[in-house]
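Two complexes follow with chain A in common, the first pairing it with chain B and the second with chain C.
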Partner chain A sequence: MQFTIGQAEFLDTLSAVSNIVPTRTPLPIIGNLMLVADNDALQVSATDLDLSVTMNVAASVDKAGTVTLPAKKLTDMIRALPASPVRVKGKNEHITIECESSHFKVHGLPADDFPSFPELNFDAGLTVTAGTVEKLAAHTRFAASTEDTRPILNGVLWELENEKMQMVATNGHRLARYILPASNGSSGTSQSVIVAPKALAQVGRIFAPDDELKVAMDERQIGFKGDRGVVFSRLIEGPYPNYEQVIPVDNDKLARADKERLMAALRRMAVMASDQTHRVRLSIDEDTMRFHVSTPDVGEASDEIPCTYEGDPIDIGFNANYLLEVLRYVDTDEVEITFKAPERAAILRPTGDDQDTYLCLVMPLRLQE
Partner chain B sequence: MPDPRSILHVDLDAFYVAVERLRDPSLVGKPVVVGADPRGGRGRGVVAAASYEARAFGIHSAMPIGEAYRRCPGGVYVAGHRDLYARAARAVRRVFVEFTPAVEPVSIDEAYLDLTGTERLHGPPAQTAERIRSAILEQTRLPVSMGLGTTKTIAKIASDLAKPEGLLHVLPGREAVFLAPLPLRCLPGVGPATRERLVKYNLKTVGDLARLDQAVLTGALGEHGSHFLARATGGGGTRVASREHPKSVSRECTFDIDTTDLEFCEAMLFYLSERVCHDLRAQRLTARTVTLKLRHHDFTTLARSITLSSPTDSDRTVAKAARELFRVACGPRPNIRLLGVGVSNLVMAAPQLELFASPRARAWDRLMDPIDRLRKRYGTGVVRSGPTLTLRDRDPAE
Partner chain C sequence: MASVHVLPEGVVNKIAAGEVVERPSSVVKELVDNALDAAASRVEITLESAGLERITVADDGFGMVRDDAVQAFERHATSKIKAAGDLDRIETLGFRGEALPSIAAVSRVTLETAPEGGGEATRIRVDGGEIASVEPIARGRGTTVDVRGLFFNTPARRKFLKTHSTEQANNVRRMLELALARLEVGWRVTHGRRGILDLPPARTLPERLTSLHGPAYVNTLLPMGDSASTVTVRGLVQRAAAAGAGRRRQFVFVNGRPVDASELVRAALSGYRSTLPAGARPDLYLFIEIDPNQVDVNVHPSKREVRLRSGAQVAHAVEEAVRAALGAGHVAARPVRPHIDRVAETGPPDPGQLGLFLSGRRASPRRAPSVDPQDEESPAADGAIAGRITGPEAESTDVIDREVLPSVWQLHNRYILAQTTTGVVFIDQHSAHERILYEEVIGDIREEPRPGQRLLFPTVLHLTPEQFATWESYRGLIQRLGFEVEPFGGDSIAISAVPAFRHAFDAETALADLLDDLSDPGAGSADMNQHERVARLFACKAAIKAGQPLTQTEMGEVIDRLFATELPYDDVHGRPAVVQIALEDLNRQFGRH
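What follows is the complex of A and B.
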């Protein structure tokens, strides 16, 4: 095969794809990228067996062909080259790469050994923009669990209904849900799947926000296909916990505060909070939100910000980091927090028109005397 | 030089015996042995405590109960009431903390108190010591011996010499003079083996030791030599750690008879988990790692651990983890001698509440606080959970 491509385009493509390549793998071929040159286009593919990605990029192809090359070596090599056309040529596993005066010879592995990608029927899939997927995912995937103990919570629940679609993620201590009206062409039946956060991140990495995507799925796989490429991911199996049941409906205490001031105060408290629990105490009454941290052997801190508040005064403990993470994704200047009791979930939402799109739950930390 | 410290060592005299005598005043003046049932000299256990009268027969703690019986068949042998001892010890500790926040319990009947800096509040330390004694006597009717000195070692040696019911105050600067004539065995850490080695060098008193060159002592005792020298010259630790942070909490039980009864084993695991979690909650801790210890009849011992997704202080969560570990670890035909449950990876309890906790788990959570308080006041047996009911006939010994 033989093709020529600009160094910058080549590097962008390699970087976007190669980040899913595992650093250590028992299967050497998994450490490689597959390059397919044909019809004035180059396809670069990578897989970690759960997640597979192909990205298309324009190239001047003189001779069609397929090869696999070590992902890290190839990416490092192209990154080190000057911003000039890069010529790749060779036969079977012996590849030469040239750019200006630089000359490399690399050894690949047989392309036949590269794992095949799933087959999904994209014609039957629904249509959605990459920006919609990214918006849903960005507001929720941070809340997913990173522990191995409950694999189901490592995923993001994506629910597709006639009029709306929503994503939900939780680690059992906090939960984020984002709802958007469904774009045109939704498939008509309601479906729900549990997607790995890294698959959603990869969609955001490969596609531009305006790209139209076809989304197809079966029991085990989900695929996102657009002009720039395709992302396949194995779905996480199993029933997702009944999250609707834990969203409080009777939170009768309501506080509104400036988001930036709240975050700044929490960041200050977090410095003195325990490394293990990150516990901060919030005491809210009439028009003040007070913060207090007391950590044995470390010290104490307190602060306060103004707020509006309706309801009986409350004293409640939280993991400061959970609150900070949630607040980062609240898009309005003001945030609304509702409470019921010190051992019940608090709800955080944006204020204004977007109120119903985004909802976060944070379970408190028990306060001890 | 900073001002010398005032460290008080308080030792409850023949503690278990003293408590038994409060329970049953007829025991006063008799040789009393607390421990296992001697069964006419054929018992399996050991002596937990002996009264001064019994000690006159050469009986001491940790001696096999059969041996004690042979030495003093006429003694009064009492089974022991752990709950009573624990309650008495707590009452004593409550007195301590009225006088100083720096209390380091060494065991159930011994503690170091740092009285440094309490002079303006309570007066001279020796006087404070006497007030502590009267307060303990008044509130628990238990006798204590006390030693007051500038280091923990001095205080400990002094209280040993003050037994029974005395107070020995070693004045600052007089440590070396105080120690010099004492026999080597008075120095904590000098056991029979060390003593034997030192006697070869013709060393008999602490003063002999103090006069030695460090190099000679290191030659005789190895690297511990300098440690002993420091103590012999009146040095040693002064830090009274009011509360050591534990790294783990565990309970284990050796069975009277090896068992093949898996149902019994699982009930025992539940019981041990309850005890461990009770201790955790009392110290406001939670644990992430649960360890099962299992010893087979042939003494092969294994430990298996599992780390939970979030820290817990729940009996049921720890018991479930222990049971799962046990089912995997016990093997096809177990014949078990000992079971233990431990927790580690401890973090301060500010338990993160669970979003998806079942109503049942929440109900249990709410129940634990009153149960803990009942057990603290009336002993573990006052409330029994279902899984441990089968243990009733085979009351677990710890």
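What follows is the complex of A and C.
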């Protein structure tokens, strides 16, 4: 193989792809990137066996060929080179890399050993922009679990229906759901898959927001394909818990407050909250939201902010961190919180036109009397 | 002056009883063994007060004629073996001829039996080992043994018994084992007025398990069948993905005899290799068939132990059989997930940067291999450590952070190494955290109950009857830990809130394990009160495990909190939690002094 490519483009491509390469792996080939040069384009691929990525970049190809090279060495090497054309050539596993006066010889591994990527039928897939996927994912993936105990909750549920698509994530203590109209067209049938958050992050990394993507899936894999490349990920096996059942529909107490003031008050309370439970108590009536924490051997704190409130007064406990985390993703200045009872889920939403797109549930901490 | 003399028969029997009849469950087991050896097709067991008031075992087996029945109360009277050579080929459950006289020595026994073929039926009453009456009666085929007032004449033994719920849990475990071993037999067990088991004869193990735990449970199991040259391993193993709640339905049968064989359970678990989530314990039903002359069951009077002449070979066969079963079934793919807790992704400085001469990123055992693509360990992000603070994932960090201790290392994901003013300390992360949680949990129990984090999806735990009985007796204490638990029909419970702790732990599994250990009479010493016992066991279940990677912040927190406890240097099991090495000792080692 033989090709020439600008140092900056080469480095960008290697960086975008090689971050999925695992640092420690029993399979040396996984630590390598696969480079395919053909038809004035270079394809760089990486895989960790669950997630696989290929990125395309223009290059001047003199002689087509395929090789795998160690990801870290190659990336470090190209990063260290000056901003000039880089010439890569060689036969089989013996590759020479040249740039201005620099000269490297690297040893690769046989390309035949590189794991093959899944085959999915992208023609039948739906079309969506990368920005849409990123928007859905960014608002939800924080809520996914990071524990080992229920693998299903480590994923983000992506539901595709005729007119809309939505993503949902939860760790069993809090839940986030974001809905967008499926204006980019869909395949007509409704589908749902559970995707690893890291696959969604990779989509955001490889593609620009305006890029049109084809999304294809079968029972085990999902693939995102655009002009810049393709991302495959193993799906997490369902079934996802029936989250719709736990979204309350009878929350009859409604508070509206300024999001920044609410967050500031919670941060102050968090200082004195128990470092184990992070429990803060909210007491809301007519026009005031009061906060109180009391931690044995540490001390107490209280604060209040104005709010509008409809319903009977309520006293309810929360993990301050869960509230703060969720509030960070509410995009409006004002936030709406509804309640039913101190042991039932509270719902946080943005106010205004986006009201129905985003919803977060937070389960309370039991208050001991 | 004391002289040596042969002990009277009654005393010999009481001594033997001490070995064979330790607790009500031993009586249940011995009597059921006899029923099964008599080719019963149906066994009915009635218990009162966990068997202490009454144990009745009725069968429809081949019964005994009068003389045999009387002789059965004599020591070493058995129809099952005749000569020593037979001990090498034991295929019946009993053989020692000790059970009935031993039981009779410490209780009031009534035995009714009618021999096969319609001979005269007999009733024998035995009171504390003395035959009180032998009379002819009329009754149908089979034998009924009724044992009342167990240990009435050995008050010392009675004192060693546990609570009724613990003893009952033991009874249930023994009966379950036998019901799994003998599928062709119909079983009915009642305790007081409560029906515990009602099992029709089954043709297959899945059929029996369906009667016991329902079809959904059976679907989590995979059949196993493997014949090595001399060992046959059959049975069912649970899919790795379904394991988790630590229910401890792990049963091993050797030639149809339920046994305690931890080495075979371990072999089965190693058949799972790494497919099990940390702490998960899959249910196992292992049936091992082996040439009877390869097994010695005459190790202990209770016959719970067996000695295998080729133990390693059997263990290997078990491991291979489990692996084959899992390989044939569809083992759920485990998704890749970030190992790192939410805590403080932004906070701690990279310790790789702290020591000028400890450079080399690989050399700092700073944290686990991270699978998160955003993490700085991936080659592309190398050298861009500062960048990650503002990177997209940084948004999801905990808001509450703490001061970071400098120079703390995690060794082998197991020990924390920290510098002190006079040297270094190694801290066992599990022991340390256990100690911390123990004191917290004691506080929860004695002072203010811990808040419970309500769950979006309440979890239903299907408990064993033993675990359920334990839950009922410890309900109040368990609630103070922060659990909200309600009965959910049968032996199931629904968990709607779990203890709020900062660190992530699998609360449901911890609860199931806690119930397991609480129902195990062996766990915990007698002088420990209930509060301490619960706190100790729960702390152990909920604590950070060895092998779990920790962040700098987490390690700092463990250290701070450990040294704020009353007894930082010893863990709750009495092992050291901290090992110190003085700088002087190091200096001496390096020849600098």
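Throughout what follows, the second predicted complex is superposed on the first by the 364 of 369 C-alpha atoms of A that agree within 3 Å, B and C clash if a C-alpha of one lies under 4 Å from a C-alpha of the other, contacts with A are read in each partner's own complex, and residues count from 1 in each chain.
By our rule, a contact is a pair of C-beta atoms (placed from the backbone, for glycine too) under 8 Å apart; a residue touches a chain by one contact, two chains touch by 3 or more.
In this text the structure is predicted, and so the values were computed from the model without any measurement.
Student: Clash or fit: chain B against chain C, after overlaying the two structures on chain A?
Tutor: Overlaying the two structures gives a clash between chain B and chain C.
Student: Should A:Asn319 be classified as contacting the first partner (chain B), the second (chain C), both, or neither?
Tutor: A:Asn319 sits against chain B and chain C alike.
Student: Who does A:His173 touch here: chain B (first), chain C (second), both, or neither?
Tutor: Touch status of A:His173: both partners.
Student: Output check: A:Ser102 vs chain B and chain C. Expected answer is one of first, second, both, neither. What do you get?
Tutor: In the superposition, A:Ser102 contacts neither chain B nor chain C.
Student: State whether chain B or chain C is in contact with more residues of chain A in the superposed arrangement.
Tutor: More residues of chain A are touched by C.
Student: Which partner chains sit in contact with A:Gln276 here, chain B, chain C, both or neither? Use first/second/both/neither.
Tutor: Once the two structures are laid over each other on A, A:Gln276 reaches both partners.
Student: Based on the superposed arrangement, let me know which partner A:Thr308 touches: chain B (first), chain C (second), both, or neither?
Tutor: neither
Student: Contact-wise, after the overlay, does A:Asn162 reach chain B, chain C, both or neither (first, second, both, neither)?
Tutor: Touch partners of A:Asn162: none, neither chain B nor chain C.
Student: Superposition on A: which chain C stretch among 9-17, 225-233, 441-449 or 567-575 collides with chain B?
Tutor: Stretch flagged for C-alpha clashes with chain B: 441-449.
Student: Quick check on the output: what are the common chain A residues between the chain B footprint and the chain C footprint?
Tutor: Touching chain B and chain C on chain A: residues 147, 149, 170, 172-175, 241, 246, 276-277, 279, 296, 317, 319, 343, 345, 361, 363-368.
Student: Can you name the residues of chain A that touch chain B in the complex?
Tutor: Contact set of chain A toward chain B: 145, 147, 149-150, 170, 172-175, 241, 246, 274, 276-277, 279, 296, 317, 319, 343, 345, 361, 363-368.
Student: Contact residues on chain C for chain A in the complex?
Tutor: Checking each residue of chain C against chain A gives 241, 244, 277-278, 332-338, 340-342, 369, 371-374, 377-383, 392-393, 395-396, 398-400, 402, 440, 447-457, 482, 484, 497, 500-502, 504, 506, 508-509, 557.
Student: Show which residues of chain B lie in contact with chain A when the two form their complex.
Tutor: 284, 308-310, 347-356
Student: Under the stated contact criterion, what part of chain A meets chain C in this complex?
Tutor: Answer in residue numbers: 14-24, 48, 50-51, 71-72, 75-76, 79, 138, 142, 146-149, 151, 154-155, 170, 172-175, 196, 198, 201-202, 204-205, 220, 234, 236-237, 241, 243, 246, 267, 270-271, 273, 275-279, 296, 317, 319-321, 324-325, 328, 343-345, 361, 363-368.
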